[in-house]
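Below is a structure I'd like to ask you about.
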Amino acid sequence: MADIRSLHDAVADLVHDGDILAMEGFTHLIPYAAAHEIIRQGITDLTLARMTPDVIYDQLIGAGLVRKLIFSWGGNPGVGSLHRFRDAVENGWPRPLELDEHSHAGMANRYVAGASKLPFAVLRGYRGSDIPTRTETVSTVVCPFTGEELAAVAALNPDVTVIHAQQADRNGNVQLWGLTGVQKEAALAADRVLVTVEEIVDTLEPRPGGVVLPTWVIDAVAEVPGGAHPSYASGYSVRDNAFYQAWDPIARDREAFTRWIEENVRNEQSAKAAVR
Amino acid sequence: MADIRSLHDAVADLVHDGDILAMEGFTHLIPYAAAHEIIRQGITDLTLARMTPDVIYDQLIGAGLVRKLIFSWGGNPGVGSLHRFRDAVENGWPRPLELDEHSHAGMANRYVAGASKLPFAVLRGYRGSDIPTRTETVSTVVCPFTGEELAAVAALNPDVTVIHAQQADRNGNVQLWGLTGVQKEAALAADRVLVTVEEIVDTLEPRPGGVVLPTWVIDAVAEVPGGAHPSYASGYSVRDNAFYQAWDPIARDREAFTRWIEENVRNEQSAKAAVR
Amino acid sequence: MTDNTTSADNTTRTDFTRDELMEVNAARALAGARTCFVGIGLPSTAANLARATVNPDLVLIYESGTIGSKPTRLPLSIGDGELAETADAVVPVPEMFNYWLQGGRIDVGFLGAAQVDRYANINTTVVNRGPDKPEGRLPGAGGAPEIASNCGKVLMVLRHSTRNFVPELDFVTTLGHGAGPGDRKKLGMPGAGPVAVITDLGVLRPDPATAELVLTELHPGVSVEQVRAATGWELRVSDGLGATEPPTPQELAALRALKNAGKSSGKSSGKDA
Amino acid sequence: MTDNTTSADNTTRTDFTRDELMEVNAARALAGARTCFVGIGLPSTAANLARATVNPDLVLIYESGTIGSKPTRLPLSIGDGELAETADAVVPVPEMFNYWLQGGRIDVGFLGAAQVDRYANINTTVVNRGPDKPEGRLPGAGGAPEIASNCGKVLMVLRHSTRNFVPELDFVTTLGHGAGPGDRKKLGMPGAGPVAVITDLGVLRPDPATAELVLTELHPGVSVEQVRAATGWELRVSDGLGATEPPTPQELAALRALKNAGKSSGKSSGKDA
C-alpha cells in the first residue's frame, strides 16, 4: 500500500546509495522534481536505467551521483547532445561513467521481462549490430520449434523506480494517461516504487488511454505539482521546449552547469518545496 | 485497409475450408453472428483456436465443421460442460476432434508471440503438469543468463481471426472497450482479420479502456448489431446468462442440438439478416 | 442450491447447509489477504463473501483482466460486465498472466477442482471411466497451473466425495505438492502451493513434514468417519483436530444476500467453471 | 535553419536552400507508402511534409507509441503532446516495438544517421577522434537497429559531407546492407533494408548487384564532383544518373508553413534527435 508522503521523506526512505534506479517517462511525465530531490540529498553511486536518459539524467550525471548508465538513446530530444553525459563518458568528469547500452526494442523488452519476473526476454533484434560486443546483457536463444536464433536480453529489475503521474487518489492508487511509455513495466519490475503526482484527487475517473497502478504495487506517492517540468503532464502542462533548448549552453560548460544546479536545485527554496 | 462489407460476403471471402480460425472474446464480445454465418456457409475442416471455447465453439463443433481445437478451457462458463465438445472428444460425434491443449497463460503467450512475429514465447509455466505430454507446442528453453529452464510455447498465427467490437468508423478503424481479452493479439497474429461491430459511427471517440485497431490491420468490417449475443457488448447489451443456462439441455442431446441449429442458424431469416 | 449429498443430509441441526459451511469457511480463509486470484464458481462465492465479511478491502482479481472488482452480485462467469465496470483497472489477458500473476503480485490463488489427490495435485483435464469407456473429458486447465505455481499460496474449495478426493489422479493438470515436500522447490515454483482445502465436511491442510493432506478441522455436525468415507485414500487426521465455528448470522445473511442478488439476473449455479 | 555548408552556398539559383531540396525529396520518397516509422529531426520533417503534399493519408508512427499522428507543426521531440493528441491510437512502448515494428506492420522506416558507409550501414554510437583523443560519444541506437531490420524498407536522410559519409564505420550501430548483397538474408532480416539515402546534394541508392550506394540523382545546381568531394569513399555514379525536380511552389509553401508553425512554440532545430 502506498503511503502519501512528502517528496523529501519518500526519496530519503526509498532511494539509497548504490541503488539501480529507473526514472522513466518517454518525453512525457519525466520525474524531474524527484531527480532534483535526489541531488539535494546527495544520494550517490547510482546505476541509472532509462531508455532515453534525457536532460534529467544529464543533471544527475553532472552532479556526480552516477556510477553506471543503462540506456538506449542519450540525447537532448530535438536539440542535440547531452553534454554532461558526453563529458562523463569521454573525459570522466566529474567521475567515470560505465555504460550498458542497448537498442530501444531491447530496453523495452528488458523491462517487460522484469515486470514478468522472467530472467530474460526474446526479440528479433541486434542483428548485424556491434552493440552486443559491448554489453553482457545481450545474448542469444534458439527457438525449440523452428531452430531460429534470436536475441535474448537480460531482465531489468530496478531496486527502485520513480515515475511521475497526473493523479493519485487518497488511497494511493495512481492514474497516468497520454504517452505512457514503459512506466507500467518499469514500476512492476522494481522492488520499490515512488510516484510523484500532479494532484491528489478524491476519485480517479477512468480516462481514455489511462494506465492505473493500484496502491498495493506502490510504496509512496508524493504530491508535486509541476514535478515533470521541463517535461510535461498531459492535461496539466505543456512541454517547455524552450528550456530544452536553453539547456544546451548551460550543459556545455562545467561551471555554468554547476552554478545552475546550485541555484536551481540545491538552494533553500527548492528544498523547502520538496518538504511540503 | 478494411472494406465495409456484409457479413455474408466478408465470411465467404475471408474464411476458407481448412483454415486455422481464431474467434476470440473473453466472455465479452464473442463473435456469435460470424460463427453462425460460417455454419450457414458450411465452411469446414477448420482448426479452431480460442482460450475458452465456450458455447460458440460448441455450436461449430456440433455442426461438424471442426477438425481440431486449440484451447485452454472448454466449458460453458458458470453452467457446466460443453456437451457437443465432449461428445466430439469422447465419442467422435459428428466427427473426431483433435486437441492441442494448453493453460491460459500458455495460450495468451502463444498469441503474444504470434502478434510479435516471434516463433515462440517464454513463460514460467506448465511446471509439474502433464499438459506438455499431450502437445507438441510446449517445449523448454534455458535462460542464457541464469541457466533457468523455462517453458516455451509455439507462436499461434491464425489464418484468420474474427472478433466483435462495439464500433468502427467509415474508414474501417475499430474500437472495442470493456474486457478486451486477447483480441488485439489474436488480430495482429493473423493473416486475415474480420471484425463485426455493433455500429458504424462517423468518428471513434476515445474511451477509457479502449483498444483501437487501425483500418490497415483489418481486412473487413461488417455491421452486425447484436452480433455477440448471447455474449454481450459493453455499452450496447448485457450478457444473456439465461441463454447460457438454456443451452445446457439443448447441447446435451444430439437431436435437440441439430434442431436448434436448423431452426436458429440455418433458416432463411438468419441468412437474410447476414446479407444485409 | 445443488449439492452432491442427498437433500435430507444437506441440512444440519441448525439452519445452514453443508454448502454454506463450505462457503463461509472458504471466505474466512481469506482473512488478512490483500489480493486474490479468483476462479469462478465456489472460489468466487467465497471471495465475494470475504469482501462482505472478514476482508472488505480484499482485492479480487479475475483472469478476464479485472483488478479490484467489487461486484454486488455473484458473477455467473469470469467475464460478467459488472466485474469490469466495478474494477480499479482492467488489463489485457496476456498482461494479467505475465505482469500480475507470473509477476508475483498476487497473495492467494483460489481454485476449485474436479479431482484432488493426497498431495493436493489437481486434475481438471480427463478422467478414466473404465476399460470399456472413452476417457471422460473435463474443461481443461484454464489458469490453474500458473495460478498454483505463482500465487503466494493456494486455497482450494470443493465438495467432499470419493469421486473428487482420489488415491491417484488420472491426469495431473496442476501441481499442488507433487509427490511430497521439496517437489515445488525442485521445480522452481515461487509460491507456497496449497495451504488448505475447504470442503463441505471440513478443512484439510498439508502436513508440514510430508505435505500430505490431513484433516485438521471438522464442520459442526460432521464426524471423522463421514470425512474418511468421502475420501478416496486413507485420510490421516491431525492430532490437534479442531472444529470450525458455525456460521454467524451475519455471515449467513451476507452469503444469502449475495446469492439472491445473483438470482435476479441469471443466478450462479455454484458449479465450477 | 542550420546547414553544414557556408550560408553563401546554401541558396541555389532559385529561392530554395539545399536543406529544402533534401527535405522535399525525402518527402517525395514517401509517395505510395501506407505507414512510416518516423525518427525525429529530418525524417520527421520529411514525413510531415509528405502528409501535406504527396501522401495525405500516410500513417505516421513514432516510437513514443503514437500511431497515426497528425501534427499541425513539426514536433520538437518524439514525445510532444500533439503527437499523442492527434493519434488514432497510443500504445505502450513495448507494444510498439513488439507488435507493430517487429510484427512487420510498418512499410517504411525513416532514419537519420551520424555516419553512413557505402553499404548504408549506420553508426550513431561512438566516433574515433584520433589517437590522442577519447572516443567521441554519440546518442546511441534508439530504435534504429530494429527499425532497419523490420520495416518493409528503409529511407535515410542526412546532410552530405565526408564526416558523415565515411569509408569505414567506427562502430556498426545499425545494419544496412552489411558487406554486400545477401547479408541481410543471411541474418534473417525481414525487411529489404535501405533503398535510398536522400541528402542535400542528391540521392544515393544501393546498386542491385552489389548493394553499394551509388549516386542516382543530383539535385538542381549540384555537380557530380561536389557530391564526390563530400563522400568519404570513391562514389560510383549510376549510368542512368538523373536529376531531381526542383521543389514546386506548393511543396516549398507547405514546408515553410510546417516550420513556421513549429517556431511559434519551440521550433525544431532540424538536428537529429
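Order of writing sets the labels: A, B, C and D. Residues in every chain begin at 1.
The rule we apply is simple: a residue touches a chain if its C-beta (ideal position, glycine included) is under 8 Å from a C-beta of that chain, and two chains touch if they have at least 3 such contacts.
Predicted, not measured: the structure shown is a model, and the values here were computed from it.
Between chain C and chain D, the least number of touching-chain steps is 2. Steps from chain A to chain D, taking the shortest chain of touch contacts, total 1.
More inter-chain C-beta contacts link the pair B-C than the other of B-D and B-C. Chain centres here are C-alpha means, and the one lying farthest from chain C is D. We define each chain's centre as the mean of its Cα atoms; on that basis chain A and chain C are separated by 41 Å.
Our note on geometry: chain B versus chain C, Cα centroid distance of 28 Å, whole angstroms. Within chain B, contacts with two or more other chains are made by residues 112, 116-118, 123-124, 148, 184-185, 209.
Listed for chain D are residues 98, 102, 190, each touching two or more other chains. Pairwise chain contacts present here: A-B, A-C, A-D, B-C, B-D [touch as defined]. Remark: chain A residues 26-28, 51-52, 71-82, 85-86, 89-91, 101-105, 108-109, 111-112, 123-131, 148, 178-182, 184-185, 209, 211, 232, 234, 238-242, 244-245 touch chain D in the complex.
The touching residues of chain D, counted against chain B in their complex, run 34-35, 59, 67-68, 88-89, 98-99, 102-105, 190.
Within the complex, the chain C residues that touch chain B are 40-41, 63-66, 75-81, 83-85, 90, 92-94, 96-98, 101-102, 121, 125, 134-137, 139-146, 149-150, 171-175, 178, 183-184, 187-190, 265-269, 271, 273. Contacts from chain A toward chain B in the complex involve residues 116-124, 137, 139-146, 148, 150, 152, 154, 206-210.
Contact residues on chain A toward chain C in their complex (touch as defined above): 112, 115-118, 173, 184-185, 188, 212-214, 216-217.
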